[in-house]
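What follows is chain A paired twice: with chain B in the first complex and chain C in the second.
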Partner chain A sequence: MEKILSDKKAIFLFVFPAFLVFLVIVLLPIFFSFYYSLLKWDGFSKGVFIGLQNYKNLFINNTDGFIISVKNSFILAVLSVFIQLPISLLLALILSRGIKGEKFYRTVYFIPVILSTVVIGQLWMKIYNPNYGLLNFILTKIGLQSLTNQWLGNTKTALGAVFVPILWQYIGYHMLLMYASAKSIPTDIYEAAKIDGATESQIAFRITIPLMKPILKVCVIFAVIGSFKAFDLIYVLTNGGPLHASEVPSTLMYNMIFFRYQYGYGSAMAIFIILESLIGTIIIQKLFGKDEAY
Partner chain B sequence: MKLFKKVMLILLSIMLILSASACGTSSNGSSNSNASKSSKSSDTNEKITLTFWNIFTSDPQKTIVKNIVDKWNQENPNVQIEQSITENDAYKTKIKTAIAANEAPDIIYAWGGGFSKPFVDAGKILSLDDYLNDGTKDKMLPGALNNITYNGKVYGLTFAQQASVLYVNKELFDKYNVKIPTTFSELIDAIKTFKSNGITPFALGEKDEWPGMWYYDMIALREAGAQLSRDALNGKASFEDQAFVNAAEKLQEMVDAGAFDQGVMGLTRDEATAEFNQGKAAMYFGGNFDAASFEVDSSLVKGKVEAVRFPTIEGGKGDPTEYIGGGSDVLLVNANSKYKDEAVKAAKYLAENMSLEFYKVGAALPTWKYDSVDQSQVDPLETQIMNNIVANSKDSVLAWDLYLEGDQAQTHKDLVAQLFAKQITPQDYAKQMQEKINGK
Partner chain C sequence: MKFNVNALVSKNNLSIIKQLILFIVMVFLSFIVLLPFFWMLSSSLKLDNEVFSVPIQWIPNKLIWRNYIEIWKQIPFLTFFKNTIKLSVIITFLQVLTSSFAAYGFSKMRFKGRDTLFLAYIATIAVPWQVYMVPQFILMKKFGLADTHLSLILLQTFTAFGVFLLRQFYLSIPEELSEAARIDGMSEYGIYFKIVLPLSKPALATLTLFTFVNTWNDFLGPLIYLNSTNLKTIQLGLQMFISQYTAQYALIMAASVVSIVPLLIAFIFTQNYFVEGIATTGLK
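Right after this comes the complex of A and B.
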């Protein structure tokens, strides 16, 4: 076995197929997109090379609200990290302490992750509907009629209304990751802590959470990158509207390529999203410091 | 090590096979284009095959087209039509790529206005002027070829058309004793009456943007008339013309009168038609294609809907019979087709028969003269649209998102949405339309 692993050719042979797939499916399209982003191209006729003009249009003389859409995706990232993840963590900590009905709750919290995004989108569209929606109905019934709103149709509330289901959907996902990590911490550590007289909250903050650091890092990266790339629920719920109030970079990109036929400019947006995600990952890695194995 | 060599050998052979087949397809491609270049030398005694791409993946259209093609193939044993059917959205991408690569079929299903214009500009579509004076034009309805005419030349045969329709819920109009509006001020009165009785005057889903655009395009047609609308869309006239500003003002007047739900910006078209179906809205303005959803069995308004013209506007320059729509679905003939004469002949046969057969089942409005069709067989709402709106009409303009091309169409829809939300003034709207659409 050792002989095979030290054989360079064997390593090459095992790595090559995966590398080839990665190259063709992931890397090449990125390079193609980068090339397209240097063109003025409608996807149909011949593209004209215009250098970095598309990137200039993105940031300097921007007219389509790209910068606002980037800001929106940052808001979503912040909300994910500071609202979604703490909720997931709390649930994971409670469940991992072995409460009654642990499996039941675990399944319930995970259900939104399994549902198709389009189904969730349709569900929340019904909840938000101004005429017969659940939300307005409840508000009216408890005497808060003044708070009823056209949630998805109002430029002031649309962004918030779209973010709620996105945050809600992935709480279960992060919870499961954290739960698995918390469960894998050896029980003798807890026993020792209990003997020393540690309280539950002390155990959580001094033992469990520090030992979960590697998985927390993964969760933060997923949450931030997921926010930068967010598309499906927003597309279903508002399609970036009304009047671009809930636009994020990927909905804008979709619109640019498939409705405005600006493949070059849309590709520049795609490249921006890739770079943004890459840089985001690196920064988070740095913030968390090195992995410490326990 | 032996194993390693074997595996490498297999990998190598796979690569060879892949590259060989790649060569194969490319040589096929080039021989095809060679063949199409040496066209015209078609021998009519030989059996030839015409390819026909379309989007009829579902019934009733699918069966109808199949029957028409089968009938042609029986009557013309030497000229066989071969269909290839693709789903609508995928088709749009497929046909664009195929035309660009000179691999398009002989007969192409397409849409009039902005969709086909790039193909015509690129010289990929056969001009049909020389083929239509054999009485074909007389068999078609007046204006049927307007939307597929570029620079004075006809490039396709339409077989279906769109028409803007004001659907009114007769029951609600009777209940609140409202007269079906024929002028804009009557319309505003009707809106106010329904509004004060807690009925939504107009069901509209503006999340999709194009349904609201139909309102503006219609009002602009009444204010400016068909000719000025077309001139502005072609860049020959300005959108800053007072007529287009007036139209924007009229639209906002409707919004102010409470014509639409407050949440209209967040509703989809499906939600809007559902609202009308449940009898909760008094009117729905849209296209003939909406009629089908009001006539389904689950609809509460089935049989209570009347299709009428959009009201006239006092002082507007447009003719009261003009409507938004016109020939929308067309058959084009590939300019690189090997058998041009046969392809045109087949396209004529297909277009005429599809037009009439689709009308019979209520799948589309005809662009060919339909005297032969038994009116009692046709869906009643469909005949109403034909008789009340399309017949005796002087002119029509295609919905602007079809008339313009991708980027400009999107800009127009965005600006109209801003009018609905009152984010811009009518003057700003006109100014931006002119800058962004005709300024380029």
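Right after this comes the complex of A and C.
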């Protein structure tokens, strides 16, 4: 009996303090946001309760490009999971199996993550600049002048142009997560496999990747959620333009709240992002199955 | 026998070619990844009007080392630097502590409603901060914490992100270990401190690094919460080089270069822990 009691106390101590801070500082404000999403409110004066009208406006009488923005964030999520993560995984596997210069590559690939968004934004603007940008310069040099473009200013290319830096910047982030996970797999498992004559790719697919499952799940969830709420670089590069071509829900929401003073309507967008991410997380959890790795 | 030898030779050649291709790819990737870093470095040694010259000039005509002295004189950069270090170190320490504690509760202990509560935690990772930063700020203001470092520390002592990350790492620590310890009469705290923590060094290093980088580069948080110049951080300081009419881009770049030095140090410091972990504890 005493044992059970002390267990209860331990659980309480392990989980409760963090939960309390979390409740006040995160959950409470989110709850407020949900309430705001039911108001017609400019953020300053008194709000008027209008029920689900904001949500109706989002999907039915939509004129703000919200549906395009949701579609764009889905495209980003798919690209992240099927292009960015495989590259990260490949790099993590190569590095964790120990190649010459492991430390060097590990540091170098992580560098984009530590640079601030402002610096990265400035650089990519320079690469995409229609007049003197690096990209058009290279295309001209190799005789593909017809492909040169106003990358960020053209409705056809803007979306792709903002996605490339996002995918590029976070390859190192996911790589490091996967690498740390691969590194914590006991080495004697590898040695046993080697003795049994397993090839490197067999080791990767049959041993390393299955054992990395809990972290791979984290990466997929972060990649998907990160795509649904992507903001910084898009805001710096195009602010969602031109004509909503590179709009994502967060940029639209931000402009709605801080520049058009539609706090209630913007909050409804936010709540949508939360729901979307929650559903995405549950689906991913189901796809990956149970968490127990060993 | 002859066949075997042939096979051996060609296999060796193949692996040399493979390694060569791997080497080229890895170096090429390094180059792409380091491009912005070089650009930042070269821009920091230029005159302002050269930063945006056409086309990009990778090596400046004349190296303006003076930029690296100017940044400390024009704005209170040293104060910003100290503030950023203070905030990043305290927040990172607290966040890793609370995350690892809560993650233990969520991965190694069984209690009713655990998984539901955990899902609620994950759900909040999905919430963009822009959504609730205004209600949150109003709340902190009511506590009388606007324009203090304490507000930013309090906001970030606890993250669902850290709990989630560490929980997933803890899950890969064999359950038998903690079960055995429990049977031997070890308390939950004992299991946490003596078994789980030492085994999760790579995970703790990862979280430490991520948190440190995030708080270091945070712009929006300090922008909203800090007004007094003596409290501001580097990211806010960079904006001071931009006035209404001119922007001193070379100085911004020089200051950016200086500001990532501690991040590189943090990275080099934490990366020694990545290779440790279960592999070196002789677990059998």
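Simple rule for what comes next: the second predicted complex is superposed on the first by the 278 of 294 C-alpha atoms of A that agree within 3 Å, B and C clash if a C-alpha of one lies under 4 Å from a C-alpha of the other, contacts with A are read in each partner's own complex, and residues count from 1 in each chain.
We take it that contacts are C-beta pairs under 8 Å (C-beta built on N, C-alpha and C of every residue); 3 or more make two chains touch, one makes a residue touch a chain.
Just so it is clear, the structure is predicted and the values come from calculations on it, not from any experiment.
Trainee: When the two structures are superposed on chain A, do chain B and chain C clash or fit side by side?
Mentor: fit
Trainee: After superposition on the shared chain, which partner residues are touched by A:G65: those of chain B (first), chain C (second), both, or neither?
Mentor: neither
Trainee: Output check: A:V26 vs chain B and chain C. Expected answer is one of first, second, both, neither. What do you get?
Mentor: second
Trainee: Could you look at A:S267 and tell me whether it touches chain B, chain C, both or neither (first, second, both, neither)?
Mentor: second
Trainee: Is A:N239 in contact with chain B, with chain C, with both, or with neither (first, second, both, neither)?
Mentor: A:N239 contacts chain B only, not chain C.
Trainee: On chain A, which partner's contacts cover more residues, chain B's or chain C's?
Mentor: C
Trainee: When the two structures are overlaid on chain A, which partner does A:L152 contact: first (chain B), second (chain C), both, or neither?
Mentor: The answer is first: A:L152 touches chain B but not chain C.
Trainee: Which of the two partners, first being chain B and second being chain C, lies in contact with A:A10: first, second, both, or neither?
Mentor: In the superposition, A:A10 contacts both chain B and chain C.
Trainee: Considering only touches as defined above, state whether A:G47 meets chain B (first), chain C (second), both or neither.
Mentor: Once the two structures are laid over each other on A, A:G47 reaches no partner at all.
Trainee: In the overlay, answer first, second, both or neither for which of chain B and chain C A:N131 touches.
Mentor: In the superposition, A:N131 contacts both chain B and chain C.
Trainee: Could you say whether A:I221 touches chain B, chain C, both of them, or neither, answering first, second, both or neither?
Mentor: After superposing on A, A:I221 lies in contact with chain C but is clear of chain B.
Trainee: On the chain A superposition, what angle, as a multiple of 10 degrees, is formed at chain A by the C-alpha centres of chain B and chain C?
Mentor: 90
Trainee: Superposed on chain A, how close does chain B come to chain C by Cα atoms? Whole Å, please.
Mentor: 5
Trainee: Across the two complexes, find the residues of chain A that touch chain B and also touch chain C.
Mentor: 10, 43, 131.
Trainee: Please name which positions on chain B make contact with chain A in the complex.
Mentor: My answer: residues 4, 7, 96, 100, 118, 122, 206-209, 261-267, 271, 275, 280, 405-407, 409-410, 414, 417-418, 421, 423.
Trainee: Under the stated contact criterion, what part of chain A meets chain B in this complex?
Mentor: 9-10, 13, 42-45, 128-131, 150-155, 158, 238-239, 241-244, 255, 259-262
Trainee: Hey, which residues of chain A end up touching chain C in the complex?
Mentor: 6-8, 10-11, 14-15, 17-19, 21-22, 24-30, 32-33, 36, 43, 91, 94, 99-101, 103-120, 123, 126, 131-132, 134, 137, 168, 172-173, 176-177, 179-181, 183-188, 211, 214-215, 217-218, 221-222, 225, 228-229, 231, 250, 253-254, 257, 263, 267, 270, 273-274, 276-278, 280-282, 291-294
Trainee: Contact residues on chain C for chain A in the complex?
Mentor: 22-23, 26, 29-30, 32-37, 39-40, 52, 54-56, 98-99, 101-102, 104-106, 109, 111, 117, 119, 121-128, 130-136, 139, 154-155, 157-158, 160, 163-165, 168-169, 171-172, 174-175, 187-189, 192, 199-200, 202-203, 205-206, 209-210, 213, 217, 219, 235, 238, 253, 256, 259-260, 263-264, 267-268, 271, 274-275, 277-279, 283-284
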